[in-house]
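Please go over the structures that come below.
Next, two complexes with chain A in common: one pairs it with chain B, the other with chain C.
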Partner chain A sequence: MRTDVQISICGSAGEGTIAAGDILRNALAGAGYRIISFDAYPAEIRGFGKCVARLRATTEQVYSLKEKSDVLVCLNDEHGIPHVADVRDFGAVIYEAKSITRLAEGGHVSAHVRPGQVPYPLPMRELSERATGAIRSRNLVVLGYLAGLYALAKDPFLRIIDTKFKGKGAVAEANRKAFEAGFAAGTETFKLDMVAFGPAATGLQSVMLNGNAAVVEGCLDAGIDNFFGYPITPATTIMERLAIEMPKRGKRLLQTEDEISAIAATIGAGYTGARAATATSGPGLALMSEMLGLGIMAEVPSVVFVSQRGGPSTGIPTKTEQSDLNMALYGSPGDAPRIVIAPTNVEGCYRCAGKAFEMAERYQTPVIVLLDLYLSNRYETVVMPARPPFEPNCDKPVAKQDLGAGYKRFALTPDGVSPRTLPGTAGGMHVVTGLEHNEFGRVNEQPDNHEAMSRKRHEKLLAALHHPDFTHHKRFGDEGRVALGLLAWGSTFGECLAAMFRARSDGIRCAAMKVVMLQPFPVAAVAEFIDQCEVVLVPELNFQGQFARLVQAETGRTVNRLDRVPGAPMAVADIIAEAQRLIAATRRKAA
Partner chain B sequence: MNGTRHHVIIGTGVAGNQAARTLRQREPASRISLLTLSALPFYNRYDLPRVFHGVHDWREFLVDPPTYYDEQRIELRRCTRVVNVEAKRKTIMLGHNEELPYDTLLVASGGRAYLPEELSEYRPLLDGFASFEDAMAIRRKLPDGGTLAILGGDMIGLDLARTLIDTGHRVVLIAGKHTFWPHQETPEQRQELLQVLARMGIEILDADGEGGIESIQAGARGFATRRVVFGNGRECTADVVLPSFGLVPSVEFMLGSGIGIERGLLVSPTLRTTDDSILAAGDVCQIWSGVEKRYRFYYGWKNVRAMGDLAARNLTGDDEAFVPAQDETLHIQDGVTIHSPFWEYA
Partner chain C sequence: MNTKPIYLEDKLREINESGRLVYRSRSMPTWCPGCGYFSIVDGLPGALNDSGIAPKDTVVVSGIGCSSRFPFFVNTYGFHTLHGRVLPVATGIKTANDALTVIAVGGDGDGFAIGGGHVPHAARRNIDLTYLLFDNGIYGLTKGQTSPTSAIGFRTSTSPYENFDQPLNPLLMVLTYGATWVGQAYAGRPQQLEALIKQAIAHRGFSYLHILSPCVTFDKTDKTYQQLGDHVADVPAEHDAGDLAAAIALAMKVDRPALGLLYRTMRPTLADSLDAVVEKAANKGIGGRRRAA
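Right, the complex of A and B next:
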């Protein structure tokens, strides 16, 4: 029996919503299900905004969350009510059986459960209080109830609870009791919904990671030496996790006083030959933009992870968006070419992180890895490679005979990449400056020199389009000419893939292409894809159609935009609806 | 007529749903809310014995698909317990602590299974047959060829009994004064009816003849699941014991509302209570019979549906009296089986 169950848990900040989602996804992954999971939470720390933990547990590979959940758990009425409509017919709505305050008409979740949905009132407070003496373990009661109702094994849950609350004896014990109380209630409840967990896959050697954790694994497997960072949502957990792992490997991490220091230190470390990185979000990247120019001008390897969030300014810092593409591509003074890559899923975060160090070294330039909050915080089960698939050293060494007084650090070479010496190399002394310079590194403002050096800095990056063992772009779905082509980057590609499968099941010839290498841009491949599609739709999470404009500028082809800024992942239904509208319009025109 | 009135109906059985249907037809613009304790939309309880013929999906029992309620703009609120009606404020207090105002209220909360006081201590050992969930629970407990003991034997229980005989189960009827409820039969008719039941394959034990029910016990491992022990020391073993003593009206939430209550809600022939804005219909109400000079209950699908329809019409301008629509005679067919009009439904 195939399993495909999506569960949403909804509550206020401080109610344990995200913690419950975390335990649930770990327990289900531990039981052998594939997981995709994404949490939405407010910027406030406690007691204000809404938290939603969503996870999809499957036995087959899937690429996105579903639009409709199979099960909704409402830890409180106010935040639960707007989500009841997101539950499918014959799915389950679990809610607190009784409010402690007098509610006006419509103030209780039960008033909003649709006739096709199955209501499960659960006395969460009462069960928690009876089991633990306090009401705060309601989230554990709910987890137990889910396990009991859907006949899930208790052990994976109890193991996770013990691990999560290790060293907090009384808390762990209380949470166990709350779980058991919920479990008993779940087993006693007559299951009326049409939601079922079949047997999980066996032998799936996977780990569950979110995008930021996968970035960390990629950094570590690529041999990161130094990390410099300043905390900012949603990138902070990269630094937090590296801070735990790097010292174990004898590597160094420093929290700097701001983002400018972080990028400066990263470039400095890169100059010494260390594999160095920083991580930030849009506002931090803005601060780093001037210093990035130095990295480009001085041709210093460095890696910048940017996890996008809603902007501009402080914007909506805990909501996802893809609106920093333009800044990543162009955001520095002058002609400042850099490599920009964007993974589309959690496994891609791992690969892009490791490959970014290779590229930075090989092409001697800053590399920006563009994530977004949805990808950073999204959990997936990932099959990790047996051994790290990254080259430990991609430097272009200097031939002995080229060292000495005539050493040209910025030599003009056929591929644009100059052999590099590290500080302290005998005969490798040279000047490094942010000013325009000649092949020796000495300041030179002559027109011919500026022309040549500008060309060098741009053209050396073109080789990155053929960087080995890296998926620059990939086409999925129907081969040859198709009615509909979906072209996407970053996290939105998962929704595009889901839309593609749905379109094909509706009889539409459809293909989807993901573009991972955003700069330099794979012009030929993308142009060929566009030419094979009757209609091309570019869904993305920004208002300006930043990727669509990039595609049009690079390929000279016209594409259709689907720009959305909901602060949440792209809705598959929106993609399908827009695609159908465009196909119908194109066919009407042709007729 | 004010088209924006909020009609609240307590109960989603035959009466409540028929009332909602009629109200929607007669007042297209009004708000209609249906409240029920059940987790399911209105389904056919008369059909529940089909569970023992292998029908286990509750959707098969639905009278209307879930989309019906949206199409008809009927707000269906399930798992909703009414704890109190404040008639003066025209407000209902719900068990989850929500206030629900109404303009008119129709109480159609039906009845629940009656359990004699002397058996109440054995409730954990007894199974009900009032809902889909109950039916499925019995189905799970009853093995192929297993035994059901029916205490009392009202027409709901006997309907299940005849199905279980068909499906190869053993049925023991522990007969008493509630056997054949709500039919009223003479002692002679009763003896004849019991003989017919025996011919149908139902084993009959007369509770009084056995010295009354002394106790009900749970069996130890390796023994029968349940034992019904009689005053004379004899016992009957079974996998499931079903009390089947008729219904009592569900009116607890109306206590304190100021509405006249005897066993059920007392209503006039036009189904009106002592409060102008509150009517009642179905198994919950006792209707004044001018002929019999007493308040009495009327049972059966046809009667109850007619009450629901009438209540809705009287809420929307009519003022008609209830006319019974149901034959109440228990028939013996060909001397080998019985047929109750209370088993019939549209």
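Right, the complex of A and C next:
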């Protein structure tokens, strides 16, 4: 039996909503299910904003959350009510049975449960208070209840509770008791809904990571030497995790005074041969763009992780968006080519992070890895490779006979990459500069030289299109000619895959293509894909159709845009609706 | 007191005879004849030579400006960066490789206008590098505009009706920022300058050497050899370089710039602090890596 259950837990900040979601996804992952999970919460650290923890547990690999949840848990009536409509037919709605305050007419969840949805009133406060003496643990009561109701094994839950509250003695004990009380209530409840957990996969050695944590694993596995950063939502957790992990391996991390300093120090470290990185979001990338130009001109390796959020300016710091593509591709004075890659899921974050260090070193350039808030914060179960799949050293060393007074740091070579010496190497002294320079690194403003060096800086990157052991782009779904082609980048590709599966089950021949390597652009592959589709739709989370415009400029083909800026992941239904409209229009024209 | 112009040929002959040529590149300085910076490009090789630091182990990092062309004129590793960003780049280099001797050079505009936000942090971290600040009180490379150390009443192309901004006092600033070695030199006194550069390099921690240097092309009235030569004075013999308050008092005497070592103290460098973090992590690591067994 296939399992595909999506659970939403809804409450106020401070009610333990996110914590409950965290325990639940880890327990289900521990039980062997695949997980994809994305929480939404307010920017304020404290207060009474709404939080929604949402996770989908499956036995098959999936790529996005479902629009409708199977189970909704309301820790709080006010915040739960708007979400009741998002529960599927024959799904479950669990809510507080005994409110301690008088609720106005229609103020209780039970008044909003539709026929077909199954209500489960649960005295959460009372059970929590009886078990622990306080109402605080009702989030654990609910978890116990879910486990009891759906006959889930207790052990994975208890293990997670013990780990999470380790060293907080009484709290762990209280939470265990609350969980047991809920579990007892769950087993005694007669299950009326059509939600079921089948047996989980056995032997799936997966770990639970969000995109930022996966980036950290990729950095560590690629042997990161130095990290310099400045806090900014939603990239900060990359630095926070590295700050714990890097010193354990004898590596140095420094919080700098601003993003300019962060990228400058990253480039300084890269100049000495270290594998160095920084992480930021759109506003930080804006500050870094001049320094990126120096990295490009001086041909120094560096890696920049950019987790996008709503813009422009300070924008919407806690909402997701894909609107920094243009800045990542072009932001710098002059012709400033750099490598830009964008993973589409959490595992991709790990791969792209590690590969970014290889590429930065091999092509001697800044590499930008574009994430977004949705990808940074979304949890997935990832099967980690047994051994780091990254090359530890991709530097192009200098032949002994080329050292000495005539050493050419920026020698023009067939592949455009010049062998470099690192400080400390005798006979390899040279100056790197942001000024245009000749092969020796000496300032040179002659037209022929500027032309040759500009060509070198651009053409050396083309080899990245064939960088080994890296998925630059990939096509899914029907092969050959198709009625509908979905073309996407970044986290939105997950929704495109979901839309593709839906379209195919509706009888539409459909394929979806993800593009991970955004610069240099895989022109031939994308053009070939477009040519095989009757209709091409490019869904993305920005207002300007930044990726669609890139595709059009690079391939000379016209594509249809679906630009949305809801601050949330793209709705699969929107993709389907737009695709159907386009297909109908195309067919009408053909008829 | 040396107020005579300094000729390139003379300097090159001197360098030849001193055996310091190994530290000089084959590029001739692009500065105007008579520029105070010639003393510095002579002083640094001398100091490195005397200190026994090999060119291959030295990185000279600069920002943008007349002074920042410096790396091209010395035969070491060099990084000519962006306007105002010399200290962050130098921080990255030194953090990644302790074995390198890192010399940051830049002008008054580079360090205290556009790059002013970085100086306090380099100083408070006590990163073990030497910052040579060439102060000529003007933007020379862009042909004579007002700088953050230009005097009130100074007339430039961007202050045609005279500068009205209070000039900064960089010495006073770095003393309060927490620099652990602070000195001042004058390009018109090259022997003292070279000795101070040598001391600054020898210091373990962030050393800041403020170098007063005339711009002979765009400043005919204010910080000239004549003016500066008449006003500079050695740090008094009785000055206690371990006394921060005394150093601050000296730094505040802007009409009588004190030449010599103003302040010196010792505390852990950035590398010491980062090594201590590594040690703490080894003894008491937090969390665990997420890899399935």
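Please note the rule applied: the second predicted complex is superposed on the first by the 590 of 591 C-alpha atoms of A that agree within 3 Å, B and C clash if a C-alpha of one lies under 4 Å from a C-alpha of the other, contacts with A are read in each partner's own complex, and residues count from 1 in each chain.
One rule holds for everything that comes next: a residue touches a chain if its C-beta (ideal position, glycine included) is under 8 Å from a C-beta of that chain, and two chains touch if they have at least 3 such contacts.
Quantities reported herein were computed from a predicted structural model and do not represent experimental measurements.
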Practice prompt. Please indicate which partner A:450 is in contact with in the superposed arrangement: first for chain B, second for chain C, both, or neither.
Written response: neither
Fill in: Contacts of A:245 with chain B and chain C, given as first, second, both or neither
second
Practice prompt. Examine A:434 and indicate which partner it touches, taking first as chain B and second as chain C; both and neither are also allowed.
Written response: second
Discussion item. After the superposition on A, what does A:68 contact: first (chain B), second (chain C), both or neither?
Written reply: neither
Worksheet entry | Residues of chain A touched, compared between chain B and chain C (which is higher) | C
Practice prompt. Kindly classify A:154 by the partners it touches after superposition: chain B alone (first), chain C alone (second), both, or neither?
Written response: neither
Item to complete: Have a look at where A:509 lands relative to chain B and chain C in the superposition and call it first, second, both or neither.
Response: neither
Discussion item. Just to be sure I follow: which residues of chain A are touched by chain B in one complex and then by chain C in the other one?
Written reply: none
Item to complete: Could you please specify the touching residues of chain A with respect to chain C in the complex?
Response: 205-209, 213, 217, 220, 225-226, 228, 241, 244-245, 247-248, 250-252, 254, 256-258, 260-262, 264-274, 276, 290-291, 294, 298, 383-384, 423-435, 442-443
Discussion item. Which stretch or stretches of chain A touch chain B in the complex?
Written reply: 89-90, 97-108, 110-111, 113-116, 118-121, 190, 192
Item to complete: Within their complex, state which residues of chain B touch chain A.
Response: 39-41, 58-59, 66-70, 75-80, 94-101, 133, 136-137
Item to complete: Spell out the residues on chain C that touch chain A in their complex, using ranges where they run on.
Response: 27, 54-57, 59, 61, 64, 71-72, 75-82, 85, 87-97, 99-100, 117-118, 120-121, 270, 274, 277-278, 280-282, 285-287, 289-293
